[in-house]
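Each of the next two complexes has chain A plus one other chain: chain B in the first, chain C in the second.
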Partner chain A sequence: MKKKILAILLAAMLALGALSACGSPATDPSAPPSEGSEPEAEAHKIGVIFYGRDDALGSCVYEEVNHAAEVIGVEVEWALGDYDTAAQLTSAENLVSAGCEGIMFMPIEDASAQRVGQYCEENGVWFAICFRDILDQDIKAYVEGCEYYVGSCWEDDAGAAEEMVAVLAENGRTTYGLEKLNPSIALAVRNDGYAAGAEANGGEIVAEYEVPNDGNSQTHINGITNFLNLYPDMDAILMTTASQGAAEAIMNTLKQNTTSEQIQVVTFDLYEGIAEDFESGWVAAAAAGNSPDALFVFLMLANSVEGTPLSDSFINLSQKEIIVTSAEECADFEKYIDNPDFQIYSDDIIRSLNGKFNSEVSLEDFTELMEAFSLDWVKENSVQ
Partner chain B sequence: MKRLDKGLLKNLAPYAGLIAITLIFALTTGGRFTQARNLTNIIGQSMVTMIAACGCTFVMAHNNLDFSLGGGCALISAASFLVTRGENLPLTLLMCMVFGVLCSLVTALIHVKGRIPAFMAGMCIMFVGRGVVEGLATNMVMNLPAAATAYANNMVYLAFLVVVFALSVFVFNYTKVGKAQKLIGANPRAAELSGIAVGRYKAIAFAISGLTLGIASFLTMIRIGSVTKTIGSGLETDVLIALTLGGIPLAGGTDTRMRSALIGSLTYYVLGNGLMIWGLDANVISIVKGVIFLATVYVTMERREGSYAL
Partner chain C sequence: MQTVIKGVRKYILMVAVTAILVALLMLFAPSTRSLSILVTLLEQGMAPALLGWGVLFNIKAGNWDFGVGAEVLIAAIVGGNAADALGLGIVGVVCCCMLAGLAAGAVSGLLYKLLRVPTIIISIALMLIYESVCGVIFGGRGVTLGVEYLVLASFPGNAVMLLLGFGLAWLLSSKLKIGYSIKAVGSNLKVAEDNGIDVVNTKAAALAIAGLFAGLYAAVSLGSSGVARTVSAMGTMGTCFNAMMCVFIGLSITGRGNVLVGIYFGAVIMQMIQMALMVFSFPTQYSQVVVALFVVAFMLASANTEGLRRLKRRRAAANGAKQ
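Up next, the complex of A and B:
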């Protein structure tokens, strides 16, 4: 028995020791500087709290931020996989303990923005928010009043939704079913955008079902089946999210029960096989391409951490989304934007947005680049 | 002598585990793990789990699991908020304790009177609680006054922990309530035949678990400053893993020790903190935690002669 216990303890310790070597280079505290790197004073460190890096958006954000950090000589420490406020606050505490001077995070809910922000404020740590606006006005006012709040960035989801409904209307489709997001989450502005788009284009949302919190595919299947059975005049589905298997469940249900002549889909986010669905007419438009959001927030935050803030006050940036409307655009999108191995912005551009390399960097430099963001711009400026 | 050694090793294993991982992280993180602020954070983060685990130990001692903790925390927090709007913190705390006891008594009632396994009854509460709070959070904002979060500091948490742990140790080791739990866990039939009202004592254990859950819910509320639809997420698994890492016998009984709540919770949060400082992915962290959890169960689990897995 003694031997067994010792063997298990030893195995666990060895496993821990071995796994420690698997840590990301960007986060290894003891890693020596790479050859050829500029001799610098101790690099500033920024913590990033993000939901994960396993899906398309997460993997792009992870690579873009790590790459930018390397280019501008900042250290990054990641906290991945937190899905509630308490967990995000715990990660913020751990990151600050680990020496991070700035925290970038995507708040899982408004309360998280407040508590993480409050913690950073109390500890004199800069913080910035990516991919989310704050819905609760009291919390928003609190966060915007924080001295260490650098700013945020979010997408014009409502505008993208309206634009996609316009594409459907051009195709003669005006009777819609809505895959609705829970109104309490920030992304629910997509519901509103679809509603506004329907109204503006003489269409009507005749039915809806709510996206399940746990991503249960059966909820999507039941919702779509009900649409098809109860609303024979319905000619399009407005999808607010394709993630967590929603797109696969919805598209498979549609393909098994109807035709693309009867129903077309518009969606946020791309999914596996969407190019084929564009070709066969199932999909009319898809909004995606928001990963630079985190890159710009990270660079904005780095400037504040390094003592060259872009503004004396907080900054709200807006990230454009790309509306993909064909299989060809889809292929380009997957090659140039939805590709963690491809850097959208060159090292020179990244450096030009950092006060250490460009003492004249300004907020306008950021907004101009963000305004110019499009599939064509990325293709034209591709250097890889 | 051999039996004594076995028991001693089993008792020492949780301490050895905690010391081992602490040393590993202290030696491999370039001093970041041992920074005072980091150690303070770990202790602060673990105290809510410790408090919930103290009550849960009573339930595990009589060989049951309370799976209602996460959903219960959500339900308790929301119900308390609806009564007090979070404006009167002592009253909110009181309401949390009252709703905590009520919530757990429902679990106990379903289990004892309905003869339904406690973990299934707990899961019912978990789902109901989560559903109710998600519905509420969709339709209303449940923010506590900004001043409430000022109380979310380690000294306040420590004061609660000291009181809860001291009372738990006393009740568990020196009163009939605690002794009955261990006897029921060791042999429920024998306990019944010796005149112990098994159902009643089980209900008392759940009530105590509910009381500590109420306190943990209150502390969670002031920590996050709001009642959100994710409040208390994963609390049941956090507590179960913490108690297991602390060496609690999974079948309950006389070897159950209240210290498991403290040692295990600390081990759990040290692990999470150290692995994050190492920079491991969330997925790898989960795998490492799983391996260590399994190893702990293997070492501490009591196996009876001739028993086999079903």
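Up next, the complex of A and C:
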């Protein structure tokens, strides 16, 4: 009998554990309370569906959006850790049920943009997309035709990739191995950017391996080892992502098997220890600094939710990426941009982008600020 | 002399299949014609073989354990961080990862024993739980080890780990009662039960053993790359399936030899397929299709060989009866 009770208890624990793991997103109720300079009687609520807050980008986005919400007096509800369309749709449903009047999300794939968008449209909820362009033209047309679609913002990843290949070419490196992203995901434009960069600079991508979606470092180790053994002429590696331990696995494998004279790396996103790798010549360039993307989308969405939309139609914003090419720039980047404890934009600037505080706010205010974004601009305008 | 010939016969199939495939690769891809490539392939097969040996115990016991990838993850994160915090060095990393893996596997086994729910359900539930736990513990940062730990990617570190894993797997499968119980349960559950084998305990033990090898694999991964990051939404399934494929290929080429050696060669073949896809510039998005086709081809060949053998035996018996 005791055994049966124990079994039932264990089964219940297991079911609860599984439910907590897969059933619902990591909704974070720790959003800051609205305490803007003009307290609202009824603060509007915006839901944010994002992949996580544990890496450098995620933590910056989390802090920037929470800070902006506090400054303009909007409530934020987070849904973190969704990695497929079904999970993102479930989060959207949960957030709307929790009273969110707007949803900002980073679609994990194009289908997610359609499903979440459709749900928001049917329920009269404003929605906006951060960090992603929609590649599927049919889905894009559908989403852009939605009445409640506020707009999106994405980085010029392909352009950044081309720029980084140009840096390698300047260093005399023209034979590349590609750490490739699966072409079905939105970030795969980085593959295309690298290919275009290689072609434009007289280089060649001689081999590639695909980034594993199970985060298994053995795939990186084997891919890089094969590069080194099969292509002795290879002089650079083009990394499409440094996340999920890819950078550490790749760099450690390189350091154990070759020298920085033989191989250099360019990468998207920064990783722990990249400054030392810049100094010792392993890394030629890194593209990052796109966290303000979510901030601008959030502010744009807040304007629509609060009844002061920036435009009658949808808006496409473009977030500049910063190409870091030295240890010094890397240090500045880590201090001013890749730092969740540092707010890139002052409270005054944030308020100036909100219709409640600035009735004359316009799309141009957004685009001018975004155009000006650079490491130097952030350093000059730093008030903290 | 006879013993040597017998030994060679036992292993000829797995060695011959691997050698033929490597020879074909070298024939069609000139860039692979070097001893270092052969050494690379043999080295690349080591880590997957370790996990494959763990998975083998589950397959032999008739368990469907999809949680082994998540056990690798949690063993790496818990074991790696613990050993690093205590300053135990690489030996500590290996021990802590193995302990953490064993604990993760034991939880799986214990739940199976208590709940009597099919292992496939237990393992999927635990996979989700382990992945989620990994996203919470140690601030969700996973584990990062310093360069002083990176000694298991190359010789002799990798060979030592392979021998350790092989020794452990051989001991468990061929020298201890549990190995024979697992084989008996996997061959015929009812007969095993009738012969006094505790089927539930045996299947639970197989789950725990798989966890132990998941820990060993985690240690090798950490000792090679120095990093393990959190994965969610069943992302660890890939690690599990890769190990299963090594086992399936291994089983199909083992013949009458030692299945543990067969799995190692299966792992080498898997790596060789990946290398071939890279050399021939095969589109990476289809690489899993090719790997899957190879696995199916091996399984088909194995099944048909068995069928032919059975047919041969029946004919020989029939001829004997006639005479």
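Everything below uses one rule, namely that the second predicted complex is superposed on the first by the 345 of 384 C-alpha atoms of A that agree within 3 Å, B and C clash if a C-alpha of one lies under 4 Å from a C-alpha of the other, contacts with A are read in each partner's own complex, and residues count from 1 in each chain.
Rule of thumb we're sticking to: contacts are C-beta pairs under 8 Å (C-beta built on N, C-alpha and C of every residue); 3 or more make two chains touch, one makes a residue touch a chain.
Since the model is a prediction, treat every value here as computed from it, not as a measurement.
S.K.: Report for A:T85: first if it touches chain B alone, second if chain C alone, otherwise both or neither.
M.R.: A:T85: touches chain B, not chain C.
S.K.: Using the touch definition from the top, say if A:G281 reaches chain B (first), chain C (second), both or neither.
M.R.: Neither: A:G281 stays clear of chain B and chain C.
S.K.: After superposition on the shared chain, which partner residues are touched by A:G99: those of chain B (first), chain C (second), both, or neither?
M.R.: first
S.K.: Tell me the contact category for A:E77 with respect to chain B and chain C: first, second, both or neither.
M.R.: first
S.K.: Looking at the overlay, what does A:Q114 touch: chain B (first), chain C (second), both, or neither?
M.R.: In the superposed model, A:Q114 contacts chain B only, not chain C.
S.K.: Check the residue A:I139 against both partner chains and state whether it touches chain B (first), chain C (second), both, or neither.
M.R.: First partner only, chain B.
S.K.: Regarding the shared-chain residue A:N252, is it in contact with chain B (first), chain C (second), both, or neither?
M.R.: second
S.K.: If you stack the two complexes on chain A, which partner ends up touching A:S184: first (chain B), second (chain C), both, or neither?
M.R.: both
S.K.: So chain A touches chain B in one structure and chain C in the other; where do those two contact lists coincide?
M.R.: On chain A, the overlap between the chain B and chain C contacts is residues 11, 15, 17, 20, 22, 26, 52, 54, 81, 83-84, 87, 182-184, 213.
S.K.: Spell out the part of chain A that touches chain B in their complex, as residue ranges.
M.R.: 1-2, 4-5, 8-9, 11-13, 15-17, 19-20, 22-24, 26-30, 52-54, 77-81, 83-87, 89-91, 93-94, 96-99, 108-112, 114-115, 118, 136, 138-139, 142, 182-184, 213
S.K.: List the residues on chain C that touch chain A in their complex, please.
M.R.: For this pair, the touching residues of chain C are 31-32, 34, 36-37, 40, 44, 47-48, 69, 73, 111, 114-117, 122, 124-126, 128-129, 131-132, 135, 139-142, 144, 147, 150, 153-154, 221, 224-239, 242, 271, 274-275, 278-279, 281, 284-285, 287.
S.K.: If you look only at chain A, which of its residues touch chain C in the complex?
M.R.: Residues 3, 6-7, 10-11, 14-15, 17-18, 20-22, 26, 52, 54, 81-84, 87, 180, 182-184, 207-210, 212-218, 220-223, 225-226, 229-231, 243-245, 248-249, 252-253, 255-256, 272 of chain A touch chain C in their complex.
S.K.: Please output the residues of chain B touching chain A within their complex, sorted ascending.
M.R.: It is residues 5-6, 9, 13, 16-17, 20-21, 24, 28-30, 32, 35, 37-38, 41, 44-45, 134, 137-139, 141, 143, 146, 149, 220, 223-226, 228-231, 233-234, 272-273, 276-286, 288, 291-292, 295, 298-299 of chain B that touch chain A.
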